[in-house]
Each structure stands twice: as C-alpha cells, then as structure tokens.
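Two complexes are shown next, each including subunit A; its partner changes from subunit B in the first to subunit C in the second.
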Partner chain A sequence: MIPFTYARAGDEEDAVRLAGTAGSTYLGGGTNLVDLLRRTVERPSALVDVTGLSSSIEDSGGGLMIGAAARNTAVAEHRLVRTRYPVLSRAILAGASGQIRNMATVGGNLLQRTRCPYFYDVAGYRCNKRNPGEGCDAVGGPHRGHAILGASPACIAVHPSDMCVALAALDADVHLRGAGGSRLVPLTGLHRLPGTHPEIETVLAPGELITGVQLPAPVTGERSAYRKVRDRASYAFALVSVAALLGVQDGVVTSARLALGGVAPKPWRAYTAERSLIGGPATATAFRAAAEAELAAATPLRDNGFKVELAVRTITAVLDGLVREERA
Partner chain B sequence: MSDAHDAKLVEEGAALARRPGRTTTPVPAVPENWAGVAHADPLSRGHRGYVGTPLARLDGPVKVRGRAPFAAEYGYDDLAYAALAYSTIPKGRMTGLDTAAAEASPGVVLVLTHRNAPRLNPQPGYDMSLRDPGIGFERLPVMQDDRVHWNGQPIALVLAETQEQADHAASLIHATYAAEPAVTSFAAALAAGTRPLEIFGRRIRVELGDAEQALAASAVSVDETYRTPPHHHNTIEPHAVTVAWHGDELRVHDSTQGVLHTAWTLGQILGIDPARIRVTSPFVGGGFGVKVLWQHHVLAAVASRTAGRPVRLALSREGVFRMTGGRPPAEQRVAVGADEDGRIRAIVHTGAYATTRHSPWPEPLSMASQNHYASDAFVLDTSMAYADLVQNCSMRTPGSTIGFFALESAVDELAGKLGMDPIELRLRNETATNPIGGKPFSSRHAAEAWRAGAERFGWSRRSPVPGSVRDGEWLAGMGCAMVSHHYQRRPGGAARIRLTADGRARAEVAAHEMGMGTATVQSQILADRLGLDIDRVSVGYGDSAMPGRFLAVGSSQSAGIGGALLAATRNLMDELLKLVRDGSPLAGLTLAEVGAVNGGLAALDDPSRHESYESVLARAGRAELVVEGSGEPPAEMANVSMFSFGAIFCEVRVSSVTGETRVSRILGSIDCGRVLNPRTAASQFRGGIVMGLGAALTEETVFDDRNGRIVNASLGDYHVPAHLDVPPIDLIWTDIPDPYAPAGARGIGELSSTGVAPAVANAIHNATGRRIRDLPITPEKLL
Partner chain C sequence: MTEDGGPVRINGSPVALPDDPRVSLLDLLREQAGLHGTKKGCDQGACGACTVLVDGQRVLSCLALAVQYAGREVVTIEGLSEGDTPHPLQRAFVEHEGFQCGYCTPGQICSALGMMAEVERGVPSYVTADLGAATAGLDGDELRERMSGNLCRCGAYNGIADAVAETFAGRTR
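This part shows the complex of A and B:
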C-alpha cells in the first residue's frame, strides 16, 4: 500500500503547519478524496484532517460566514441559508445523496475533483490531470458529459459541484490561509481553466487552506432558483445546471446573476448573459437571447452538442419561471 | 403497488400467522404421469391452503439483522485475499508482464499469471443440449497463455494477507502488449458481417407464409429499426467466492444461480471429480443471469491450491464490469402489416446483436414476436455479429426485454397509423392457439389482463392525440405494452424429504434463493402437500450435495422444484402407507385413496379415518422416513403452449424544456397462472419493472469504441434507477391456475421486465408525439 501519515489539525495555524511539507493534502469529509486514494489517482504522503476546524454558520453584517468544515447538510438546512440564500440550499440538496452530504464539507466541496471517468481509470487511459503532458483520452472517447465552455484540447472535464454553481452566482468569497498569511479570493476566481495545465485546478498556493466561505448580503428584491438537469432523478451529476438570481422592476431586469454547472471545468459565471439581461426587458425572448449570447462561446464536441441547446433552454426557463413567480 | 394494497397484504399476513391456515381437506398425491394431464395436481384445482397466501419471507429476519451469510463473508483461519489485474487492450499478446513489484509488495503470498498457473482444461461452457450441467458462458482457457481476448480480461491474480495488500499489489502489475486489430464497436462488428443464431444446433428462424409479400399487401404497415445498448446486471452483491481445499476436496462458498452446475464445471476445468467439489450458496444478492461461473471461480480455486490456503476472491464493482458481461447491443427491424380493421397480416422481426467469436451466446431477439399476435405470415430471425468485447451473457429475459421493446413499440406505432386504441388493436389480434405451430395455449387470459389493467389504470382518460396533455412545461402521456414469457420446467429436478418422528418435514433441493422467496414459497407448497402447519416444514437449498439439477434461470425454478416436490411427497405418502400397521385407521388404504391433512394422512372419502405422521412412525418404530423423488420429464410442454402474459401500463411526464422523462405511475396486470405468494410475487414483479425502467430511461454500458474498454464501470456512472426514479408500482393478477403447471404456477421472474421499456417509450410518444426507437431515452433525444 502507499503509505501516508494522518494528523488531525487542532486549529488553522496547526493545519497550515502540518501541511507545510510537500505531498500533503487536506482531508475534509473524504467523500471524494478517499475514492481518489483507493484508485491511486491521488497519492499524498500526508493527510491533514481539517474537519475539526470551524464549521460555524453565522450572520456577518447581513451576509453569512460559513466555516469550511461545515457539512453540506448543515449548510443546506440552516435557517439563514434557507431564508437568505435559498438557491444555495437547493443547489446543495440537488447534489450527491443524503449520506454523502452528511459527510462532505464546504471546503471539500470546493476542491472536489472532476468525475471524468478517464481521470479515474488509471490503468486504462491517459489523462493530463493525472500525468501532465501525456494526453487526454476523453477528447476522442465517449464524452457526452464533458465540457462545452472553457475547456481546452488538454482537458474537457467538468467541475462536478452543484454547491459551487450557487456560490458563483451569489458572489461568494473564499477565505484562504497559508504560511504567508490570509487572503480572500472570489469564488469565481478560485478555480482555473485548464489551458495547457489542467493539473493545476485552483489558484491555491501549496499548503494553502480554505477556512471559510463568505456570502454578501442578499440583494433586495432578487428572486432565485436552482435547476439541475440530469439523467436520473437523483444521484447523478448535472448535464446542465443553472443558478439564477434575478431582479425585475416594471418589466425591466435590474439585476441578474447567473451561473452554470455541468458545462465547464469550473463553476461558470455567465457574465455575458448577465450583461445582455441587465437593463433589458424581462421577457422569454430576451432571456433566450441572453442565454444564446453566453453559449455563443461554446465549443461542443461530437457527443455533447446537445448541452448547448439544453443550457439555452434551461437558462431561459429558469429566468422565465422567476418572472412568473414574481407575477404570481 | 399502492400503500393500501401493501397494508392489506400486511394485514392478511398477520391474520395468517394467527390461524393454522393449513389445508383442511385431504390433499391427494399427484399421480404418476401427471405431466401433460390437465388439473392432475390438486394444488391447481382451486385448493385453499398456504399456497396463495402472502406469507412473509422466511429469510427476512436473518437478512434484516445482517446475519445472512453471503459468499464473501465466510471466514477461515489462514484465509488469503485475492485481487485481479485486468488487460487494457482488447486483443493481442502480452509481450511482458512485470510482477516483480507486486511480488515484493508487503503481505503478498502469491502472484498467479499464465507463466506459473497450473495447466487447466478448457472451460466447457454452457451445454445447450442440456446433457452436461455446464454453467459458464465463456469457453476461453483461464490464464493459460499470453493471449488477450478482450479489454478487461484478468491477466494476473494477487494473493495477500489482507484485501488492501492484494488490491495494492494488483495495481503494481504492469503488462506490455503486442496489440492486434480488434473489432471493438457494434458498428464495426455489423460491418464485418453477421451469422444466423442457432440454439440447440438449429437456426431459430421462423417462416410462415410470405411475410414480406403480405407486408407489402397490407393496408397499413410500419417498418422500423430499433436500437438498444449493452447493459450490465448490477446485482447489489458483486460476484464473490470463498474457497478452501481439504485434501483433494474443494469447498466453494459461492453466489450462484447453479450450485451443482458450478461444481460440475469447476471439476471439468480443474480435472477432478465434480463429486469432490461442494458448492454452497445459501444467499445470492441478485442474479438476473450473471451469477454463473466466470474466471474468478477457477482462479480462486487454483490460487488456493497453489498457495495451500483458503482464498477469498470478491470482485470489485469495476471487476464485475471488466470480466462479466451483460446484455449485448442490438439492432432490430420490426415490420407489422395489418388490414384497415387492425387484423395483423404480417410480422417481420429480424435483428442482430454482438457476441464473441470464441463463445457465441444467444440473445434471441426475434422470439419476442413468436407466440402472440395471430398473424398469417411471419419472418422471425436473429443473427450474431462478432466483436472482441467482454463475453455477453443472459440478462433478465434474454432476447425478450429488448425484443419486446422493438415489437411492442412497432405495434403501438401501427395503432397510431390505424387510428386505433393500442389495447383494442391487441385485443383484435388475440389468439387461443400459438400462431406458430398451432398448439393451444395451456391457459391464456391475456385479454382479461388487458381489460382489468385498463380499468384499474384509468386508460379511458388517455388522450389519443399525442402531445395534447400539458401541465405547465410538462407533457403527460400514457402508454402500454404486452409482457410475456414462456413457462419452462427443466429436466433433472429432484428432491429429498425427511419426515421425523416429531411430525416435522424437511425438503432438500439443490436450488437457489436470489431474493425471490424460493424457500418461503416452497415451504408453503410442502406444507399444503403434507397437510402440515407451516412451522413444521422447512426447505433446504443452495447446496450441490442436495438432490436435483436446478438452475435459477429462465423463470424455471419454481416449476422445477414443484415437479420434484410433488414426486417426493407422493413417494413419501406411498412409503408411509407401507409402514401402516393393523389397527391404524389407514389400514388397507391405497395411495390413490388417501390425502394429507392435519399433520397426517386421511382417507379421501372419510377424513375421520386419519393418522398423524408421528403416530405412523411411532407404531413402526421409525425415527424418521427419508424419501427422494424426481421430476418427470417436462411432457406438459409437448402438447400445449405454455406462456405467462400481461400488460404494463404507465404514465409519464416529459419536460418540454429539458427532455427529462419522469414516470409518474405504473401498473402491471399479470396472467401468470396461480400466484403462489402475493407478497414475494409482487416483490419480484416490482424488481422486474424497475429493471425495465432502467433499460427504458437510464441504463447503458458505455464502451469506448476505440479499444472496447468500458468507460462507466461504476454505480456512480452506470445509472440504474434511483429511488426517485421509481414511481408507485401497482400490480394486479388474474390468479387463474394453469391446469398443466405444478401448483398451477407458470413462473414469474422474467415476465415483468419484458414490456416496460416499450410501455415507457409508447407513453413518451403519447405525451410528446416523439417516437424514440433508440434506448435509453435520455433527455437529449427529446430536446
């Protein structure tokens, strides 16, 4: 077996110190990392268990501060989350299974890795995430579930999280702590697109720890929704998912925040669509035009072209649903 | 089934437990030469007893408590754990196989490869002549040379002190290959040409009249192509064996659908007398056709003998995908022609599927169309295309699950063209005799099942206009399809009954419990045949040392055990009468004059002449009486055509935005002869329907066509239905005993999965106007 050490961090400082050696990895709920260890995709020399760090969920100036060790279930069920950020609660509940959500942490959810089957089949296939530079076998294989936005010839894997899609739409910030101190990065800036280095998935420095997620106060008058399209009714990753927050006054879109899951290597904030929406009419035609504008950049492959139309339709329907809800 | 129905069953079960419940009138022995004689079995003649009651499964408590031992749970001192390494190319030779790192890995006991494996005989495969009890599908040599035949073939076995050590060491094995050109896609296999399928050495082609001519002459016709992907069974319990040699005797704890067959087949391969191999399998966590002999049996036995230690080999879920196959991909043409009034004049059903060149295994697609609609003309045929893929095998209702998808979709399409209700179309083509061969059906109440199902489901509320029922973005529709499966009693059934002085009876049969309730139902039958309370009988099974040659396949086991048990009970009654002494109320009575009742035998014409089993044995000074009985050759299938029938009704909602389909309710209306136990039968029907839903909407084994490797080899990626995908399942049955079947029951295991996929596809058409002829019906097909 591949030996590794295990240590449980007592506090953030302790965690960062323990993870100071090369080959260290933080362990949250283990719902993804343990699978990766078993498949030998990940081969860390040290595991630093950070589940004992902050898991608090607290008001923070009208916004919310969520400790990175908070379990997904605890976040989804929290009163402040359900009242202020229902889109986050719905996104979390759309993911995985009850058992997995009970174990998975917020920090771990942000850093979970793609479920691209080529990434997991160590014996059978090449993967640039596993072995940088060796090539990507997913590009020429069955890739119905793979990315249509933000991918590169080196990697077409999608980010699997539902929670992150809602966080991206909510303008969440991520608190980081490293040996050199603390910093804050926007959730939308946490993950990197693959480019020629798909093995580098985030902007985290080696040993840097996610300590919490900060949500700004909700925008008054915005309605929100999360919709996940998938092959079966539960326990399946998104073909396309949409997190949307929409403000409308007198038939005109006053604010729009939109993010997509299942289509890109990172939680995909749909800035192009947002620009198209804001100030425009709150009509299905305008919504579809905005969605099409966002998806104009799509680069579908042989098997996943349907995701383009599916994303356009789902965005349009979600926004339209929010307007109808408003009227009702 | 509805909650109310469930509650009713629970209530009935409780009531049953409170009363003796047993037979109150003497049940005579089934006479010899019963097979083929209508109503020869008293249990098929409106008999009331335990049979037909919803007895709770006898193995329920032990399973709920987690105390039911499965194959990978048997412990031995000194047990060693095995793991397998698999090939990563589809075809060629291994030019190198580096095992040094694995051998040096901590805890490793043995690394077995073709270089050090002992010489073995070839796998005999499954003997389609039924002469030899072979049970494997694949006939390749097991780890005997450097050849690779498919992507995922076991190339090395590692034995270690712990499972983790074995798994790790197996990951260190590295092979290099000289690859050879391989056929790794169904399309390439079809392009290379097909060969006619033969079963029992004969082509299955059926021709009656000139079907193509009749089709062309039909007033209305459909002629379409239907495509279905490969599937894997995904039993909840992955394949596993724990094996131990005791000198020259091999003990195998298995998860199998054929204990005796596994012992025999292993004996052939290992070159030892099968009588020296004992295979037991008390619990099987799902079979569906795939719990047969695969290479892991052989490798575990060989590794155990080589290492001199007991061995456990439990396949990982990935391992199950890599080295055991499932339902093959298929492409079918179904054409149906009819008069304007819906009378079917021609059926053409032809198709091809992929199998291996070394071990072609039948998937008889066209047999779905063989026994139902009263057409004048038929052409039915199936052909094979060879591919270098994992061996295909039988999967719940071979041929028919996907064959019925094609046939019953086409019939629905025909109804649409005729402007006729699809149930009315089917009723107009009902037949009392098998359209092929003309034999009368033993008992066919398909029309009653259709009518009762339509009534209960509310079919009259279906809009005949596709795409006309909308609820917001959701389009709603109803669909239906026929289900059917043939009755089968396989030869070789036998049973032993041990009656003891305390008035208890235990039957033993080398049969199988895969979750369907075998022991429960057979205990009910045994109690009724012997006039005993249910708690005074037991049924032993799952042991190759027990009598009978049973396979839990083809919905044949209940009939097989039934035929054996009725012979053994007759022999038991006969032997008991020989023990009767003067002074007994039974003195002077012959077998034909007695029946079993109230824990003993009684005169049929005067039940007050009764003596208990305890008394008979006590008077004779016997501690026990042991008899055996063998099932007669299955002559009942000779002169009548024996099939179960039914109809599946379902309602779907399809999102007009995303193409997602949700099945909102489903009903099975079943005509399967007598329902021996409504509770276990309902469970089996539900399971079949859920599997059918998977085939309809979510399931596909995804092969990488470039190298024949399975891409979604996990339960995360291979989508069996999740709980939220399964709607309330309602079930009703005609419960009309089949006069020719033991206890009047025709067998149900395969039946319910056959018509589900077409019922769903037909409902989707009704909801959306879109006809999908390509499974699974995933969202993008409905965008």
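This part shows the complex of A and C:
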C-alpha cells in the first residue's frame, strides 16, 4: 500500500470537510477498499472513516430509511426489512460471506468496484478503468464473467453487488451530501454506464458522501424473490441474478418490477421486460417473451453468450415461481 | 474528528494501535501481538483463515485496518481455551477429524462461534425458507451455507460440519 493518513469522521459535516482535501477517499468496512489499497489499484493519500455515521434503520412514512453506515448483516436481519422487503434481505444474504456481511456497510456496498480480474492485476494487464485510455485486456482475453448489457468497447466489466439489484427493483433513492449541500438520486441513476469513460462510475461529485438509502412503502399484493446463479453454491459472485416483484390479479400481471445482476456495468433495471409484462397474462410463455424482449439488447462476446440464455431462463423461472407460490 | 478510542483489546489485554494506518488487524495480531494462531491464507477476503471475533461478531482480520478497531474487543483462537482445557468446539474438531493440515482451523472455529451467535439472534441465511420466521437453525443446508466463508484446502468439510453440528446441537432457537 502507498502511505495514507487516517481520520475518523464524527458526523456528516466533519466527513465532507475532511474529504474536501484532494486525494481523500471514504472508508466503510474496508472489505473492498483494503484489497484495492494493497494491490495499489487505489492510491489515496487520506482515508476518512465513515463507519461512525448513521447506521439507523427506521420506518419513514411506511417506507424505510437506512443509514449508510448500517452493516449488511444488520440490514438483512432487520425485522422491517424481512417483513416489508424480503427481496432485499435475500439479496444481501446471497452476497459474500457471513464475515464480510458483518463488516460491509450499505454505502460501501453501493460503491464497491467491479471484480473484473484485469482491473485488480496492476502489473499484468491493461485496464481503462484503472488507467484511462490505455486499453482493455478483457475484451480480447477470457471474459465469461463480463457484461452482456450496457457495456462499451472501452469496458465490459459488471457491477458485482447483489444488494444493489434488489434496491434497483425496489425503487430505492440514495441520499447524498457534498460541500454544496444534500440531494437525492434514484438508485437506478447512481451508477453510470462506461461509454468512453469507464473510470467515472457514478454521478457522485468528488468528495460527495452517501448518507443513506430510502425505500418507498411496499406495493400491496406484490410477491418478491431474489435468485442468484453462480459457479458454486455459495460465496461466489453472480453470473446472473434476478430480483423480481410481481403483482397478479385474476391471471393478469398488475405490477412488475425486475432487476438483473451479473450482466451489466450497473444494477440493471429491466424496464423493457416490465413493459412487456404489465397488463399481460401471468403465464410462463408471457414471462419468457418479456425476458427475451429485455435480452434482445444483449451484445454478447466470445465467452459470455451463455449469460443471455441463462438470464432469460432465470427471469422466466423466478416469475413462474412467484405465480405458483401465489396459487399454492 | 472523534477522539481515538484507545488501544484495541485482544483476548482481554490492551494492545497499542499501530502508528501506520496501513497495518491490518491480522498483521497486528501476528506481528505486533505475537499471536500466530490466526492464519493468513489469501490476504484478500477469499478464504476465511483470518477470521476473528470482534465484540462477538465474526470478521476477516485481513480486510480490517487495525486503526478502525480502537476500543474494540477482539477474540482470537488463543482466547478460547480455559488454561489447558480446550473449548468444547476445539475438542469436537479433534474428535470428528475436522482438520488435516490445520491451517484453516482457527478461522473455522472462530467463524463457527460467530455463526452460532447469529443463529441464536435469529439472523436468517440465503437458504432460510421463511425470512419472516423469528427463529433460525442449522438444519438442512443451513450450516454449510452459513459456514461457506471458510474454505478448507484439505477438504475436511464433513468433519468440520459434524463438529459444529454436534457442539451446537440443541442451541438453535
């Protein structure tokens, strides 16, 4: 690691002020950042520890407000999350391991970097995200884990979070605070697609702090599920994951919220599939058609074409499972 | 900036925090405190060999910067036995051959203790069927899912699972 200073922020104002110095980076649980520091992928001169900021999880007008310093386990085990937003509990529990979930914060989970192996290998490979403009060795090299939606020739990395996939489906908003004040952005608008600048991953201004995540009240009558497909049964990142919330009345889909993980540079809200589903029959045929409509935009590469069919099948199976559950 | 919370306590004794914030809790344990029980497998969060308990919660000491743990209570494998009497879980690992080379064992044992505290608190897992249920258990796939953050290169998983299941039988709620 390159030397850096360490300071613990006492409150949000303190954090934003401390991070105003060039070269500063916020530190959550450290489960991603410490690894990146050790590999010198990240080279900050100062760390501002924000784990002492709000970690409360509270009802807010039938919805939920989650402090950015809340640990992943604390969110997953919270009674209000388990009863109102089980898809969020399930998604968090699908990620990493018990130890890592105890350390990881909500803010850190939102801003965790990609797990693209080329990005982590400073000495071995070229990477536009690490060194803007130098090229991307993933495009020509083995890339079965990489993106099929939303990627660009400059970067084909996927966003690795499970939690974010559920938050995208749940219409979560993210509270930000910077030197100029506070603002709210939708989770689906927090991360940016790579385009020609994969090094710019979010809409955050330099030094801007995530202070919390807000969930709207649950939609009555919706059933939900999170399913993750990976190379081993546990403790592995997603090849494809699906967060789904589905409302059905008299065999007709009344509401559908769907997001995908493991396939795109950001948590991927499947708006095309949703439009195809709403108002249509709640049948496996219609579910498959909706999934195919979403994946029609896929641009698979040499090694990751399997993700297209995997995503279609997983979406279909998850939605079909929700309808069967409803009938049972 | 808040005042720093003083030293970190390791197995009941205070240990000064490093001046250099780059030092991980794992390196503090092994190199400063001379406690070599906690192992460095991957140093990147992927194996669980470095698992310790902080205020009763299992964490990975390789991904923890020691300076973040001022005033916290760390328990390592060295802190589990009572004098020469091993912890019941340590004894069960021996009885069930829950290890071969033993490298992953301190992490497995600390992880299992932290896991059991989670189960007793009712924390669900990815394989828990009913997230609304107030209770949690170790039946079916639960134990292996909850312990999946600890790899064993020797493949002693059956013995590990038996030792953990036997030690905690009847303690699920």
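Operating definition for what follows: the second predicted complex is superposed on the first by the 327 of 328 C-alpha atoms of A that agree within 3 Å, B and C clash if a C-alpha of one lies under 4 Å from a C-alpha of the other, contacts with A are read in each partner's own complex, and residues count from 1 in each chain.
Just so it is clear, a contact is a pair of C-beta atoms (placed from the backbone, for glycine too) under 8 Å apart; a residue touches a chain by one contact, two chains touch by 3 or more.
Predicted model only: the values in this text are computed from it and were never measured.
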First (subunit B), second (subunit C), both or neither touched by A:A94: second
Partner chain(s) touched by A:L27 [first = subunit B, second = subunit C, both, neither]: second
First, second, both or neither for A:M1, with subunit B first and subunit C second: both
Touching partner for A:G178 - first (subunit B), second (subunit C), both, neither: neither
Which of subunit B and subunit C A:P142 touches, first, second, both or neither: first
Partner chain(s) touched by A:G280 [first = subunit B, second = subunit C, both, neither]: neither
Per-residue contact with subunit A, leading partner among subunit C and subunit B: C
Which of subunit B and subunit C A:Y235 touches, first, second, both or neither: both
Set intersection of subunit A contacts, subunit C complex versus subunit B complex: 1, 38, 233-235
Of subunit B, residues touching subunit A in the complex: 85-86, 88, 106, 151, 164-165, 167-168, 171, 473, 657-660, 662, 697-698, 702-706, 709, 711-714, 716-717, 719, 721-725, 778-780, 783
Touching residues (chain side subunit A, partner subunit C) in the complex: 1, 3-10, 14, 18, 27, 29-31, 34-35, 37-38, 47, 49, 51-52, 73, 76-77, 82-83, 86, 89-90, 93-94, 96-100, 102-103, 228, 233-235
Touching residues (chain side subunit C, partner subunit A) in the complex: 1-2, 4, 20-22, 24, 43-45, 48, 51, 57-60, 62-65, 67-68, 111, 114-115, 118, 121-126, 128, 131-132, 144-150
Subunit B-facing residues of subunit A, complex: 1-2, 38, 40, 115, 117-118, 120-125, 137, 140-142, 229-236, 239-240, 306, 309-310, 313-314, 316-317
